[in-house]
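Chain nomenclature is as follows: A, B, C and D, assigned in order of appearance, with residue numbering initiated at 1 for each chain independently.
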Amino acid sequence: MPKERAKCAVIGASGYAGEELVRLLLAHPFADLVAVTSRQYAGKSLADVFPKFSHVANARELQFRDSEAAKIAGMAGIVFLALPHGVSAGMAKSFLERGARVIDLSADFRIRDPEVYKEFYGAEHIAPDLLSNAVYGLPEAYRNQIAEAALVACPGCYPTSILIPLLPLVREKLVLADLISVTSLSGVTGAGRKVEADYLFSECNESARPYGVPRHRHLSEIEQELAAAAGRMFPIQFVPHLVPMNRGIISTMLLELAPGVDEPHISDAYRAAYATEAFVRLLGTVGLPDTKNVAGSNFIDISWRIDPRTKRLIVMSAIDNLVKGTSGQAIQCFNLMRGYPESVGLL
Amino acid sequence: MPKERAKCAVIGASGYAGEELVRLLLAHPFADLVAVTSRQYAGKSLADVFPKFSHVANARELQFRDSEAAKIAGMAGIVFLALPHGVSAGMAKSFLERGARVIDLSADFRIRDPEVYKEFYGAEHIAPDLLSNAVYGLPEAYRNQIAEAALVACPGCYPTSILIPLLPLVREKLVLADLISVTSLSGVTGAGRKVEADYLFSECNESARPYGVPRHRHLSEIEQELAAAAGRMFPIQFVPHLVPMNRGIISTMLLELAPGVDEPHISDAYRAAYATEAFVRLLGTVGLPDTKNVAGSNFIDISWRIDPRTKRLIVMSAIDNLVKGTSGQAIQCFNLMRGYPESVGLL
Amino acid sequence: MPKERAKCAVIGASGYAGEELVRLLLAHPFADLVAVTSRQYAGKSLADVFPKFSHVANARELQFRDSEAAKIAGMAGIVFLALPHGVSAGMAKSFLERGARVIDLSADFRIRDPEVYKEFYGAEHIAPDLLSNAVYGLPEAYRNQIAEAALVACPGCYPTSILIPLLPLVREKLVLADLISVTSLSGVTGAGRKVEADYLFSECNESARPYGVPRHRHLSEIEQELAAAAGRMFPIQFVPHLVPMNRGIISTMLLELAPGVDEPHISDAYRAAYATEAFVRLLGTVGLPDTKNVAGSNFIDISWRIDPRTKRLIVMSAIDNLVKGTSGQAIQCFNLMRGYPESVGLL
Amino acid sequence: MPKERAKCAVIGASGYAGEELVRLLLAHPFADLVAVTSRQYAGKSLADVFPKFSHVANARELQFRDSEAAKIAGMAGIVFLALPHGVSAGMAKSFLERGARVIDLSADFRIRDPEVYKEFYGAEHIAPDLLSNAVYGLPEAYRNQIAEAALVACPGCYPTSILIPLLPLVREKLVLADLISVTSLSGVTGAGRKVEADYLFSECNESARPYGVPRHRHLSEIEQELAAAAGRMFPIQFVPHLVPMNRGIISTMLLELAPGVDEPHISDAYRAAYATEAFVRLLGTVGLPDTKNVAGSNFIDISWRIDPRTKRLIVMSAIDNLVKGTSGQAIQCFNLMRGYPESVGLL
């Protein structure tokens, strides 16, 4: 059955997430990219700003414009917001009021409790009335709700790499929730296209460094979603690191097994949860994840080991932070919202 | 008072550790490099094999030779062994019997218990009689013993980055030893100059990956030295990762504080232990370590934070794996053994 | 009109070119990959060796086998050879005799004159009788012949990056052929998955270096094809360099304009030659090529400038050495040979 | 004979060149670094801004200040200017009038003819009266004049990598000056610590690209110095490229030999010119330069080949752009100006 095509807009298309959305939408068989915005590049074509798209007729013709919600809502039924947190909430409101469905890549609608938002993001939420309508855009956890949603809040990149491996374990009470430790390694696009000295080539190349210690903002959504799975709130330990590569996140999770739990329970839980998921690849107890195996793709690779000496469970995952960690996952949500096959445009 | 010069040999000078030893010895004001060995390069000069040394007259003249202990022991009073484990032990024996003092960079004399050696290295130790004489070459812990030693076993790179931060905390019982977790990130020279597909440029570039899970060999010496500090044995959790840079290790340690311990106790313990150490830089609770700040140097940078949410202590360190992690530390031991100022040739 | 599917085999699928062919064939809408060979990996599945393909059912099932021409020729009508030069020729003969059409990625059939082959490759050609049937697989130059060919010799990566920009200029006599100088920069996959010390991560990272000076083997095919365009033979100056990135070639060509030639003639020639080519993107006199704009794609980006001070023409191109430079171009030839749209599976 | 120590100031110490000057001066046995300036960091210590210097007592104490020439000239006899062109000239004037000797790393005093300066730098020179006093700081060409100079203009990084190899050939008329072509590859620190999107990690990593085509500013000084050697002016062809590494420049020069010139003449000319130079390493016709062999050092490595097919001479050089290309060369000039051994603090 032929699918009805969707008219899409990308608001804030000049960052890495926006650029990656554009890449995926230009190649998507059912999407028509009808508007892209960027204050900085207004008036220039997509092909001018991103020469790698210059062979696509639409990229040569489509010009960046300012973010006029009224006009764009008249053109596009689906609006992707790739804006800084704080800015996104107001824009989402404008688009929703005009009848568009919104897929937000910022943090603005990920946190259900405006107090927690304020604690982690340092400002009052500007559209708290919308929070209860927003669906957390992790298809492996909220597939049905995403399909129906008017407003989807796509997870952060670290949370995606951590929640997909942890949710089944926490939900099934296979691990002791209070003793979860996570160390992550991220490529530099994870910082966005921020023009700051810290992200210059010669500051990042030949450099590995922890940052955001001890309270990275992504903790707020990680803990919210783990709490939903566990039925109670608990803090987790999280230390992110920046490493010199463009794309990719490795998350390494150290976990205490619940009494009586052994390796087969872990493997069973993963298979039960993810055997039919299109984008979860279970490497099991033999393989190990490597960012180069997921680069450019929407997959998450997960492997695990029980350390016979400490009896702890080590779970390791790899994603491409810009695809499964951001824009690919947004497309996965878009496919669900539109009733397209979930993996179309992503394989 | 002018120091007596030392005649030195480097056995196995073609790997990264050997090359770095050569670099440091050629520039050392009191060392005369009189012999270098390498089966592969026998007959070629140091300058031929390592053009970066070609401006040094001695490097143009000194030719790689085979490892004839008898001849070399007659030339050099100090012998550095940069050989694979298993090979090193026999060579050490030959040199010691001929009266040379030996600084071994392999794992062969790091483990005091030959059963543990066998467990982690998979073979019987071939010179177990020497184990009791060997001194673990961590100057911050064994300075006086190193000065007197005939045989020094230089620590591994990960152990150096982990033990220097952990020893004072474990010794003073500021943390609960049984719940220590360590995640490390290493540059690719950490694997040595091994000609294997896994270490090709295009396999490592744009790749981050855990490896050696769950039982990396370096655990044996880490646990041995922590046990010595704690007065009892306990296992630790350790997950190393390979990241795409040449040099550097970041180790991130997650620790449970002992009851009643707070941040000032930690800072005090670090100052008491290391305020006068030439190569330990305490970044405290503000700075964060970055491998680029220690690249090419013998420093270890250490910072720490107490996470107010989990009450855990996060300690982070950075070293250059080839300098403080290997060859610089060997020179530091050499200086101690010869009665030179400890930092000569290293600043 | 639905296309008939093609059964394909990749002989020597464990190198970078083979792996990239596999990637493209697994995603190709009209190709069925029915056999892959590798001595080293015989018995393992594609997914075992290349975990990045593990979500593809065919990759989990298809096992590497030895290169038995008889058996494979019975299975596949199109055989891609991704073998070392010298080895490829014999294998091609076996497959051709059994009725398969062969797309060879080695150098064995690129050079029409066996004497030139011997001069540059240091050995007698082992199947000189086949040379006259082979078509040089540069679709922009030999589209019609490729469509009919039983044996296609895909160009080298440097030649592709150099010939596409130079052929129209030489053909139209817009530049003085005898004074052509080319400098190229290549990523490290250009060396193949050779397990040699020179290509270890830590030998290539932070390293830029010329190599293959003064007579790189690719000169033989560059000069052959330029001679065909000019109607006479002439030597060109070519200096390749290795730079620390995975993929990509930049070629910078310095050219003397023929008397009376000015910028509009150059632009006209390029438009005339390439305006309708699917994979040639003319950046003209404003943009500059960048390998990151062609990474993973089959495009060649070309820009040019006349230096007002020297009156010389500077032409610069960028390709992905593994796609347009090798395996993507092979797929482009495959599409032509099978009568598929030329860009199918490549956009 | 003990040397008199020199009090030094670095004006503009927050960029890569300034930071590298600070590194070299802190370790220099005869230099006292008494003042560093930076508008951005005024009030912070050197150790705060550059943690890698934090073990040096002077770096912990010395605070960045504003560039008050009057006060600083009273403190330091030698002033290094690491400022943008245009800004440097005025500052140099202020310091010279107060009796300091000035070593300028900008382009402001490299060009003797203010008209050429204006042509390449797009502005009137603001201190043209000083041009005749400035000495071009290439010790291999102007050693005696540098020793006596009050104002030294350190060469650019590309010019250093190009002039040292070319000057003897042009001076001896061994090559045809009118047909000189140069292609260079530079690491990203060559662009300075400019906070611009073009130099972000993810824009440079996995990217190689030509830039500054066809008229890079460094051409002005290259041509000026070659004209001085040849006795007449002629344009050269120069195409620089950016490659993904921190440090290093490779310059590859294509040259037409003068009639009757053969390889021995070239080798003789290089030996005659440079056999006794401390920082020129002649690799001859066997070795090839590699940036990793000069990283962190003040050496220039030079090799050459005559192409038997084209009869052209290919000369290739490697330097560290921040050391021999900038700050190391400035220290070399400083040593000459102060009568210290030329290589002190640089080996």
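Everything that follows uses one rule, which is that contacts are C-beta pairs under 8 Å (C-beta built on N, C-alpha and C of every residue); 3 or more make two chains touch, one makes a residue touch a chain.
Computed from a predicted model, the values in this text were never measured in an experiment.
**Q** Going by the average position of its CA atoms, which chain sits the greatest distance from chain A?
**A** D
**Q** Count the touching C-beta pairs: is A-B or B-C ahead?
**A** Pair with the higher count of C-beta contacts: A-B.
**Q** Return the distance between the CA-based centres of chain A and chain B, expressed in whole Å.
**A** 40
**Q** Averaging only over C-alpha atoms, locate the centres of chain B and chain C and give their separation in whole Å.
**A** Their C-alpha centroids are separated by 46 Å.
**Q** List, in ascending order, every residue of chain A touching at least 2 other chains.
**A** 187, 203, 205-206, 244-246, 290, 292
**Q** Help me check something: in the complex, which residues belonging to chain B touch chain A?
**A** Answer in residue numbers: 181, 183, 185, 187, 203, 205-211, 213-215, 219, 235-237, 239, 241, 243-248, 250, 252, 254, 288-292, 295, 305-310, 312, 314, 316, 318.
**Q** Residue numbers of chain B touching chain D in their complex, please.
**A** Residues in contact with chain D: 27, 51-52, 54-55, 206, 278-279, 281, 283, 287, 290, 292-294, 296-297, 299, 301, 347.
**Q** Given the complex with chain A, which residues does chain D contribute to the contact?
**A** Spelled out, the residues of chain D in touch with chain A are 16, 187-189, 193-197, 199-206, 244-246.
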